[in-house]
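These are the structures in question, set out in turn.
Each of the next two complexes has chain A plus one other chain: chain B in the first, chain C in the second.
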Partner chain A sequence: MTERKKLTTCLALLLGLHALVAFAGFFAPYDPAAQDRMAPYLPPMRVHVIDGRGRWHLRPFAYQLEAHSGSPDGYHEKVPEAVPVKFFVKGAGYRAFGFISARTHLLGTDRTALHLLGTDAFGRDLFSRILFGGQISLLAGLLGTGITLFLGLSLGAAAGYYGGWRDEALMRVAELFLALPWLYLLFGLRAFLPLSVRPAQAFLLVVCVIGALGWARPARLVRGIVLSAKERDFVRAARGFGASNAYLLWRHVLPETSSVLLTQAAILVPQFVLAEMTLSFLGLGVPEPVPSWGNLLSSLQQYSVLVSYWWMYLPAVAMVPFFLGYLRLASLLQSDAANPKIEAAGGA
Partner chain B sequence: MTEAKAHFWRSGAPGGAVVALVALSMLAATARVREQKGREELLTVRGEIGRPGGRIVLSLRGEPKTLNPLIAADAVSREVIGAMQADLVHIERGTQLTEPALAKSWKVSADGLQYTLTLRSGIKFSDGQPMDADDVLFTWRVYLDENVHATQRDLLIVGGKPIAVRKVGAQTLIFELAKPYGVGERLFDSLDILPRHLLEKPYLDGKLSQWGTLATPPTEWAGLGPFRVKEYVAGQRLVLERNPYYWKADAQGTRLPYLDEIVFLFVPSADAQVLRFQSGETDIISRLGAENFSVLSRQPRGYTLADAGPGLEYNFLFFNLNELGEKGFAETKRKQKWFSDGKFRLAVSAAVDRDAIVRLVYQGRGAALWGPVTPGNPRWVNRQIAQAPRSLDRARQLLREAGFQWTSGADGEAALADSEGNRVEFSIVTSSSNADRAKMAALIQDDLKQLGMKVQVVPLELRSLIDRVTRTKEYDACVLGIASGDADPNSDLNVWLSSGGMHLWNPGQEHPATLWEAEIDGLMQEQLTATTAARRKTRYDRVQEILAEHQPMIFLASPDILVGAKNSIGNFHPAVLEPYVLWNAEQLYVRAGTENTRR
Partner chain C sequence: MGYLLRRIGHAVFLLLGVSVLAFLFTTLAPGNYFDEMRLNPQIAPETLKALRAQYGFDQPLRQRYVHWANSLLHGDWGFSFAYNSAVAPLLWPRARNTLVLTLSATFFAWLIALPLGVWSAEGRGRLRDRALSWTAAALLVVPELALALGLLALAARTGWLPTGGMNSTNWDGWPYQRKVFDMALHMVLPVTVLVASALPLLLGHVRAAVREVLDAPFLRVAEGHGVGRARLLYRHALPAAANPLITLFGFSLGALLSGSLLVEIVMSWPGLGPFLLEAILARDLYVVIGGVLLSTLFLVAGNLVADLLLYWADPRIRVGARSS
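Up next, the complex of A and B:
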């Protein structure tokens, strides 16, 4: 496979994963906040195609789970109660992209609920929560990366291009930011905020903080490239022809940084998703009942959950394909960026 | 015995109510005074005969703040102090009845104003110094001294006057009250008698509060309890050793306690306690959460777990009903129009799914509550209080009556608004370190969403939560719990009196803000000085009725007392009163033949 093709495959895979999360309302069978108080800590339901007598069924089905008598969290399959899995069923209302009202879900059942990945302490469907939680976590990662790269690019370019005291000042500030213990800073920040923060406010805050604190590293990278780019012959030539600073930056210098920025983006997204998860895990992110991957995992802080309900680890597994995708993308982008230069050098 | 026993039963509970508790505490360690031949009058206790020697290890959630009973306020300190100190008359935790302790007998005058106590003779402190009436006089002086700020002081002031004490003979004391005291001789419980020979000098120097800390050398601290300090290692453990001068003996005449040592390990969290117990490092565990209880009961290895039934802890939701001054939170002030409406609170109460709280938070190991008195306190609970099942229809009806209306909210769901069109929206603060209450708040949030209320749950660190509730009053609503120390209504006096510091919805009022709060004040004062238990009960029943009528606190649920102990521990009888497992520390013992396997 050529490098190009690998890159396309990787991008397609990532797009698919993101679509799954973006259209969570459609793929998730239930509302992520809906509680089923009779079914806390329900284990994942197995989807069968072969029934107890060895007969194959075209339509997959699950068995209804029934609580052991006298046990608060033990369940077994009620074998005669087969629940056929239906596709494109009408269910709880949701908003695709936040504005299109819809009711159709990919999966569902007529009777008892289908909990593919089990339920949490409140009987909420974990599969739905993982998908909806991804919206928060991934969006925080993407927006945070956007803010960081914007800040990194503008400050790095300014420092590298104008040099002198501006460069000194900006780079010292960047070093300060690199040295900041950002987690403790966040704890401090949260204490200053009003008591009750709406989920949307909390989300924006998290994104802004993550984005604003990460700019130092990309800024240093951009500065390095700008420093060397502004001394290149074609830039000097353009300056000689009377090009303005803005034109030079925009037309000749900044394009040089594109490959570095793309690679940085692919590295930063998973890093920032992880940052959001850390904050939510510690209770500083979006508040309940809004799910995010971090606060889905926060129940694992309790020993009893840790040793009793293995499916509560699944949100951690859910992020693995995303992270692998992004890191693969980063390495492909890097070699992609490196290759043409080597060819060009070899050809010269 | 005769005299003591007569009073013991007469002043005790009306029989039937305590039967269930007697069953719980398998041995009814009914005390019997045995006149010994020697000078020393030991108290003989009934119960399984144990084996002297051995030690048990327990874990504590954090270090005790102090060993000084005058200033100890936290549960951890009280648990340790309980094993080191003794009182004149003691409430037996299993039966919840009084029994003779340092006083071998007592007599109450006909008007209920005079208590004559006779001390046991020949008693010694844990450092070998004798105890006599002068120690009691000294203790009384210290407890009543305003400068000492003793936590017990308020309980010793009856009818506005402190209880006076005078000595008649070396072993006899007369306590005089300004008014009859409803609790009777129960007032002497938990008033630990302090060693005058050690504390008089620091007291006169005004340094008493610095005494009896963990830094005080064991030789300079003594008590009358079954154990005394042996060693303290900061951040790790506190070791108590057997008090050789303890004044109780078993039926065979063996001097108690049986154990040589009790070791308290300091651990940071409830989960750490569970891990230590599971690995066999500790012998006894108490204050277990329901989830950890079911983890431990899955594969019990050499230990037994016990569900002692609902304790005295009651959890509740309350709204900010404080009179907020000019500088008060404008936002909260606006919301108080809803909170102060009794119908609004009743509607919230009707919408709360208490059964779900018991099932999801306590895994069924608890009881739903409609009042502050739990089923664990059968003597005082008012069974006439209606236990209305959850009803959203009734909640909506009440809200409609109170002038609320539903509008179509932005998200397409019905949103509740008041008569002026303001959306009903508030936050509930809860302690971030208490997973149970955070869960309750999350369930209430979902319950109220179905009424169209928008609720945010805000977990806060406990200290800043208490600060907001009692001092700055910057909150809308709060989920908290109170674990009463004793089953008697007096232990919650400062919760129900409008002037009380724990009158959480509006603490420390100068004058009762509402008529019903004034009525509760009156009833609580009346029961304080009522002479018979039946009269006290009618007053307290009425208090419970008023609370149910106005719901300043929306009572939610009470957890069972869940404990566990290794099978090798004998005489292990958990009680629903604090300290749940160490109340009979002097009778606990390690069974023969188990010592080696334990280590």
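Up next, the complex of A and C:
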């Protein structure tokens, strides 16, 4: 495969994964906050196509789960009670992208609820919660990356382009930020912000905290590029023709930084998703009942949950394909940037 | 000597900067330890006011900073409201536990990364090289939170290893050897997680550095003179590749410090992690600042050690420092 093709495949894969999360309302069978107090810690239901007597069915089905008598949390499949899986069913209402109201879900059943990945302590469908939780975690990662890159770009460009004491001061502060152990810094900053806030505020808070801390590395990279770009012949020529600083920066210097910024974005997004997860896992981030990959895992801090209900661990697995995609993207972009042909084409 | 003085001066500047930065954030903080008490009807507003005055919360920021810096220099590191004591005696034992964890993880991570990286660089493009880089990628993808929880669940289910804390509950009366063994057993899980999280980065750098050196003419010459394979790799190639790796050592320490914060909380290791989290939830301001400052201190110390090693290992720096 050529490099370009690899890049396209990787991007398509990532896009697909993000679509799965972005359209969580459609792909998830239930509302993430809908509780069923009669079905706590239901194990994942298996979807069958062959029934107990060895007959094949065109329509997949699951068996209703029944509690063992005398056990608080043991379940077994109630064999004759088949629950056929239906597609494109009408269910709980949701808002796609926050404004398009819809009721159609990809999967659903008529009578008994279908819990593909089991339920949590309140009988909430874990599969739906993982999908909706991805919205929070990924959005936090993406917005945080946006803030960080914006800060890094403007500070780095200012330092590199104007030089002098601004450069000196900014780079000193950047060194400070690079020197600190990252998680300690995150904790420290979070410590000074209010603790008990509503989920939406908490989300914004987390995004800002995460976004405010990572600017030093991109700023240094951008500064380096700007330093070399502002001495390029075409930039000097443009300045000779009387172009203003703002025009020069915007039109000639900053476009040179685009490939570095893209690579940085691919590296930062998974890092920031992880930061959101860490904060929420510890109860410093997005609170219940809004799901995020981090606070879905926080129930594992209870020993009984950790030992007894293995499916509660699944939110930790959910992010692996995303991370894989982003890492692959970063390494592809890096080798792309190292490719001299593209460098020559950009500089010509 | 000038080189070292410059590095130390840089470290002091860094610590000063962090302390000022941490203190500046406190002005942004809406609310403090005593705000929680305001909700308590049993505490009179006058008492609260007196408390605030006693701890200097009614003074301007600059004065508070000077006061705190003074207590820092006297070895108190400020005052913990929740524990009603100076911060330093609370920090030291926990910092020691964190250091035990972090340093052993650093040691084992490098112990594994160096031979594996050399081995992989030597067999460039061959099966073992590719297998190792795939393993590293897999480790990189699984975040340490997931790894820690997974290993914890495994240990809890099988009962092979203790699942938390630093020592068994009936530890007190045991003889010395048994105590050491018990603590080592408790360290297996957290150290494994930390090593696994640090390994991919170290492995990649060791491999890249050694690979670059392996192409150098002096190694071809040594090979032609009949120097054995092991001696060639470890006596000639590795020292030549050491320069970037020593710099990486400082960075790896920072990464491991950050990582250990989370692992400590998950595995309930009595280090800085759980302590800091508790302080954040209680809004115990000076404890948080102390923890952040202490972590910076560790990192700066680690980087100083790396600089010393570099000074010792790289004659170019020694000579350059002397001539300037």
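Basically, the second predicted complex is superposed on the first by the 321 of 348 C-alpha atoms of A that agree within 3 Å, B and C clash if a C-alpha of one lies under 4 Å from a C-alpha of the other, contacts with A are read in each partner's own complex, and residues count from 1 in each chain.
To be clear about the criterion, a residue touches a chain if its C-beta (ideal position, glycine included) is under 8 Å from a C-beta of that chain, and two chains touch if they have at least 3 such contacts.
Being a predicted model, the structure only gives us computed values, none of them experimental.
Engineer: I'd like to know which partner A:200 touches here: chain B for first, chain C for second, both or neither.
Structural biologist: neither
Engineer: Is A:303 touching anything from chain B or chain C once the two structures are fitted on A? First, second, both or neither.
Structural biologist: So A:303 meets both chain B and chain C here.
Engineer: First (chain B), second (chain C), both or neither: which does A:15 touch?
Structural biologist: neither
Engineer: Chain A residues in contact: does chain B have more, or chain C?
Structural biologist: Of chain B and chain C, more residues of chain A lie in contact with C.
Engineer: On the A-aligned overlay, A:277 touches which partner chain: chain B = first, chain C = second, or both, or neither?
Structural biologist: second
Engineer: If we overlay the two complexes on their shared chain A, which of chain B and chain C does A:49 touch? Say first, second, both or neither.
Structural biologist: After superposition on chain A, A:49 lies in contact with neither partner.
Engineer: Which partner does A:187 reach: the first (chain B), the second (chain C), both, or neither?
Structural biologist: Only chain C is touched by A:187; chain B is not.
Engineer: In the overlay, answer first, second, both or neither for which of chain B and chain C A:288 touches.
Structural biologist: first
Engineer: After the superposition on A, what does A:122 contact: first (chain B), second (chain C), both or neither?
Structural biologist: The answer is first: A:122 touches chain B but not chain C.
Engineer: Across the two complexes, find the residues of chain A that touch chain B and also touch chain C.
Structural biologist: Common to the two interfaces on chain A: residues 195, 283, 303, 307.
Engineer: Enumerate the contact residues on chain C facing chain A in the complex.
Structural biologist: Listed in rising order, the residues are 14, 17-18, 21-22, 25-26, 28-31, 137, 140-143, 145-146, 149-150, 152-153, 156-157, 163, 254-255, 257-259, 261-262, 265-266, 276-277, 279-281, 283, 285, 288-289, 291-292, 295-296, 298-300, 303.
Engineer: Report the residues of chain A in contact with chain C in the complex, numbered from low to high.
Structural biologist: Checking each residue of chain A against chain C gives 172-173, 175-176, 179-185, 187-195, 274, 277-278, 281-284, 297, 300-301, 303, 306-307, 310, 313, 316-317, 319-320, 323-324, 327.
Engineer: Quick one: in the complex, what on chain B touches chain A?
Structural biologist: Contact set of chain B toward chain A: 271, 274-275, 289-292, 294-295, 353, 356, 359-360, 363-364, 412, 426-427, 429, 432, 435, 439, 442-443, 445-446, 456-459, 468, 474-476.
Engineer: Name, in rising order, each residue of chain A that touches chain B in their complex.
Structural biologist: Its residues touching chain B are 33, 35, 37, 40, 72-73, 93, 101, 121-123, 195-198, 283, 287-289, 302-305, 307-308.
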